[in-house]
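Down below are the structures I want you to see.
Each of the next two complexes has chain A plus one other chain: chain B in the first, chain C in the second.
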Partner chain A sequence: MRFGYYLRLLAVSMRTSLLTAMQYRADFIIEGFMSLAWTALALFPLLVLYGDRTTVAGWGFAPALVVMGLFTIMRGVLEGAINPSLIAVVERIRTGSFDYTLLKPADAQFLVSTARFAPWRIIDVLAGVAIVVYAFRELGRAPGPAELGAALVLCAAAVAVMYSLWILIVAAAFWVVRMDNLSFLLGAVFDAARWPIHVFRGVWRIIFTFVVPLALMTSYPAMALLGDLSVPTAAACLGGAAVFFVIARTVWSLAIRSYTSASS
Partner chain B sequence: MIEVRDLKKHFKVHKRPPGLAAALRSVVRRTYDTVKAVDGVSFRIERGERVGFLGPNGAGKTTTLKVLAGLLHPTAGEVTVAAHRPQKRAAAFLRQITLVMGQKQQLIWDLPPADTWTLNGAVFGVAAAEYAKTLAELTELLDLKELAQKPTRQLSLGERMKCELAAALLHRPTTLFLDEPTIGLDVAMQVTIREFIREYNQRHDATVMLTSHYMDDVVALCPRVIVIDGGRLIHDGDLRALVKAMMPDKRVSFSGAVAAEVLDRLGRLVSRDGARTTLEVAEHRLREVIGHLLGVDGIGDLAIEDPPLEDVMRKLFKDKTAAPTPVESQGAT
Partner chain C sequence: MRAELRAMPTMLRIGLAETIAYRAEMIVWILTTTMPLVMLSLWTSVADEAPFRAYTQADFVAYYLAALIVRNLTSNWVAWQIGEEIRMGTLSMRLLRPVHPFASYLATHLAAIPLRLVVVTPVIVIMFLTDARHVVIDDPARAGLFVLSLAGAWLLTFGTFVAIGALAFFLEKSMALVEVYFGLFMLLSGYLIPIDLMPGWMAAAAEWLPFRYMLGAPVEILIGRHADAAAAAAVVMTQWAWAAIMLVTAALAWRAGVRRFEAYGA
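Let's turn to the complex of A and B:
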């Protein structure tokens, strides 16, 4: 019953977002064109880098292209399904209409997370898939079912981590209110996920593996797809994603409690 | 039913004196003030009552309503609304109440109100048949037919408020908290909203608690008023009794000329604009004064009224600063 209820809510919310997107048809075309342009631009440094060498930090051109493809997919998910909702919520907190969210008999975090979608971002996801397919054609092989399955599971973990990081930012908005800068910062940091994790050395690799786990978002799913990821690493990824998710949920609950006990 | 016992809501507010030096100091060491937004308020409202909740700006009205709706945790005291503790925000509780804030909106700006309604219907889990029935009823009462499919951003303030009310009532709540629902609306729209609230209250035996800056709303809708100031309750009871206790004299107004020294004998002059004169007259002298006025040539359009609630409130808040409890609390009726 609860599951069915939330599934229905999700469907209605997506319908609402689609209707909103239809209101601005010009946006649809411009945004679609922009995201294709960005993807093409993102490929440019990769082409330059591999122009006179065959491997970078142990990654050949085609495997690095797989990472780029996953990055494009993840960016589509982030900007299509995660970011719009959370930007909408920060706005609601500032204008005070967030109160209406708390007056609804549904989980506030669910309502917040499904508030708005940007449907045209599906273009990024499709472009990302195309890049991955092209990379495997370059490699001259296709991933097996086990690799495909592992990659899908890791992609789900990656989405969970991204979502958790963004929920933490929104939770911070209850205390700080102006959160735009922090979300821009995280967006900029996320850009580094276009490179395989091994490109980064020393402290950066530690940060991008454990603090802001970019490795988990693109490199590890890519390695799973390529058949290069060990089982313990994959398990650690899932565990890490679960930990992030629990932390985000806990901080969110604390934020709501602080909001209802302190704001005016 | 709403029961509030000794409700307190205190906020800790960061205090900073003006000036750059003080601002820098406050980065290191912050001093806090405790603001007692609500400070020991008790009342009880029965199902189906319409109660006006009055007080000057910053009196604690909105804070109290937010506590009653479960948006704020009380600092102390006990609150029961529809047999629930609001701060737990139980789904069963939220399905029975609604809070309408005239200054905030929940309608999706870019879409027609109908889409927000659909969304709210799903969130509140309203069954399809019931949803259609409620929407038909609201459409009829609020005359929404023309508005439902227009994008919200193209609606006037009054039209938007009607659609906001519909969005807030689709789940048929039995307890309504209305915080300035008529703010900024023209007189005709105020009357429409007012009549709708009364109709909803009578059809569904709903409890209504209303704050408004327009005393006409309160006079028209609320037989009972609760008045707070500075977070404390200063009156709870019949609206007429309050008016009588605060300003027992009646207002007598008429058109036509009467000599100034005659007016002085009849009562206290309140206003004289154009040809119309308004006097304040003690009730026991009313018969005598009216008799006298009717005897004067050229006097017409005679009216006897209670003093406007605005004046009563102004007097109430002024007295309150002079003496702590000018009006006795009468408790629930």
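Let's turn to the complex of A and C:
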């Protein structure tokens, strides 16, 4: 019954976001064009690079394209489902209208994370899927059901990690108030997820695997899809995602206790 | 003009005080410039096995660190500032003051340079700690040209951003245009990949467009990609010509725009 209640809340929030988006239908064309242009821009260095080389850090052109496709999908999820809500909530914390969120009879973290969606970002997700499909056509094979299933599970874990990182940012806003540009900073760091993790060396690979786990977001799901990921690594990914999620929830509960309304 | 010159020291002092007041925010904004580092990671990995065309690993390190430095020193947010002030109507305050708005924008963004310099200092230090230091030029003539090209890139970027910001007088969605501009900039300035690695037709287009002179030109001069000082000097001259063209364009767009300004909300 509780679950159904939250599902209904989610549906309501999605419907209002969709209705808002439908009011600005011209945006669909502008944003669609922009997102395709940015995707093409991201592919450009890969095309130049693989024009001269066949492999980079053990990755051929088609596998690297799979990573790029997953990056585009994840960016769509991030900017469509995670970022809009979090930018909205940071603003509410700053102005003090976050009080009203706390008064509502539902979990505050849930309300905060589903406050707003950007439906047009679905274009990014579709563009990403198209890139992945194209990459597999280049490879001349299709992923099997086991690989597809593993990749989907890992993608879900990737979304959970991304969401946890952003929740940590919002939690920080309870203490440091002006945090909106920190979410841009994480977005900028996320840009590095467009390359396979093996491109990074030494300390950067450790950071991007364990601290800001970009590897978990694009490289490992891509490897699962390509059938190159071992079972222990996949299990470690899922465990890591779970740990991140628990940490984020704990920090959030601690942070919300120290919230002192800005309005009163 | 006399009023502007007399007010300039005070406006610069105010700008500096503002920069210092919002230093944490500004430093975070500057840190969001990660793209050169993202590209650096890819290309150093590529050049690890063998040089990529005319670029060795040290060349790539030097190129992208230089790009990071030039980008941070020459960038500003005046387009967003103008767009916001036009939309909110707060521009009217600026129009009432006895100095031209250009002068006050110029002062604000010039005053941010010291903080930007502080932020890029570690990058400069890193550049001289790695192999990249052998790539950076050391003859005084070209070093002087580099400083000139840095100033030219700053003016060109400033003029372009003022012109884009002034578009908010005419268009409701002018900030979408900033995004289009930024995409073209990334592609054609050498920000994503060095211009001499681009396909021939694109490199030729980059020659003729202003973007290269905002970033690629100073970077190429710093890492000695031009045959000699004379070739570098020719690039700097073209760059300053572009800067002049952009500043005049910005002034014209501004004059036409202010006439139709209605100060909504104020």
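Just so it is clear, the second predicted complex is superposed on the first by the 259 of 264 C-alpha atoms of A that agree within 3 Å, B and C clash if a C-alpha of one lies under 4 Å from a C-alpha of the other, contacts with A are read in each partner's own complex, and residues count from 1 in each chain.
Just so we're on the same page, a contact is a pair of C-beta atoms (placed from the backbone, for glycine too) under 8 Å apart; a residue touches a chain by one contact, two chains touch by 3 or more.
A quick note: this is a predicted structure, and the numbers were derived from the prediction, not measured.
In the superposition on chain A, A:204 contacts chain C only, with no contact to chain B.
In the superposition on chain A, A:254 contacts neither chain B nor chain C. Once the two complexes are laid over each other on the shared chain, residue contacts for A:95 go to chain B alone; chain C is not touched.
Contacts of A:195 after superposition on the shared chain: chain C is touched, whereas chain B is not. Contact with neither chain B nor chain C is seen for A:130 once the two complexes are overlaid on the shared chain.
Looking at the shared chain after the overlay, A:23 reaches chain B, while chain C stays out of its contact range. Using the contact criterion defined above for the overlaid structures, shared-chain residue A:148 touches neither chain B nor chain C, since it reaches no partner. Judged by the document's definition of touching, no chain A residue lies at the interface with chain B and also at the interface with chain C.
Listed in rising order, the residues of chain B touching chain A in the complex are 11-12, 37, 63, 66, 69-73, 87, 89, 91-92, 94-95, 97-99, 101, 103-106, 108, 110-111, 115, 118-120, 122-125, 151. Against chain B, in their complex, chain A makes its touches with residues 5, 8-9, 12-13, 16, 19-20, 23-24, 95-97, 99-100, 102-106, 111, 257, 260-264. Residues of chain C that touch chain A in their complex: 24-25, 28-29, 31-35, 37-39, 41-42, 44-46, 52-53, 173, 176, 179-180, 183, 186-187, 192-193, 197-199. Residue ranges of chain A in contact with chain C, taken from their complex: 30, 34, 37-38, 41, 44-45, 48-49, 52-53, 56-57, 178, 181-182, 184-185, 187-189, 191-192, 194-195, 198-201, 204.
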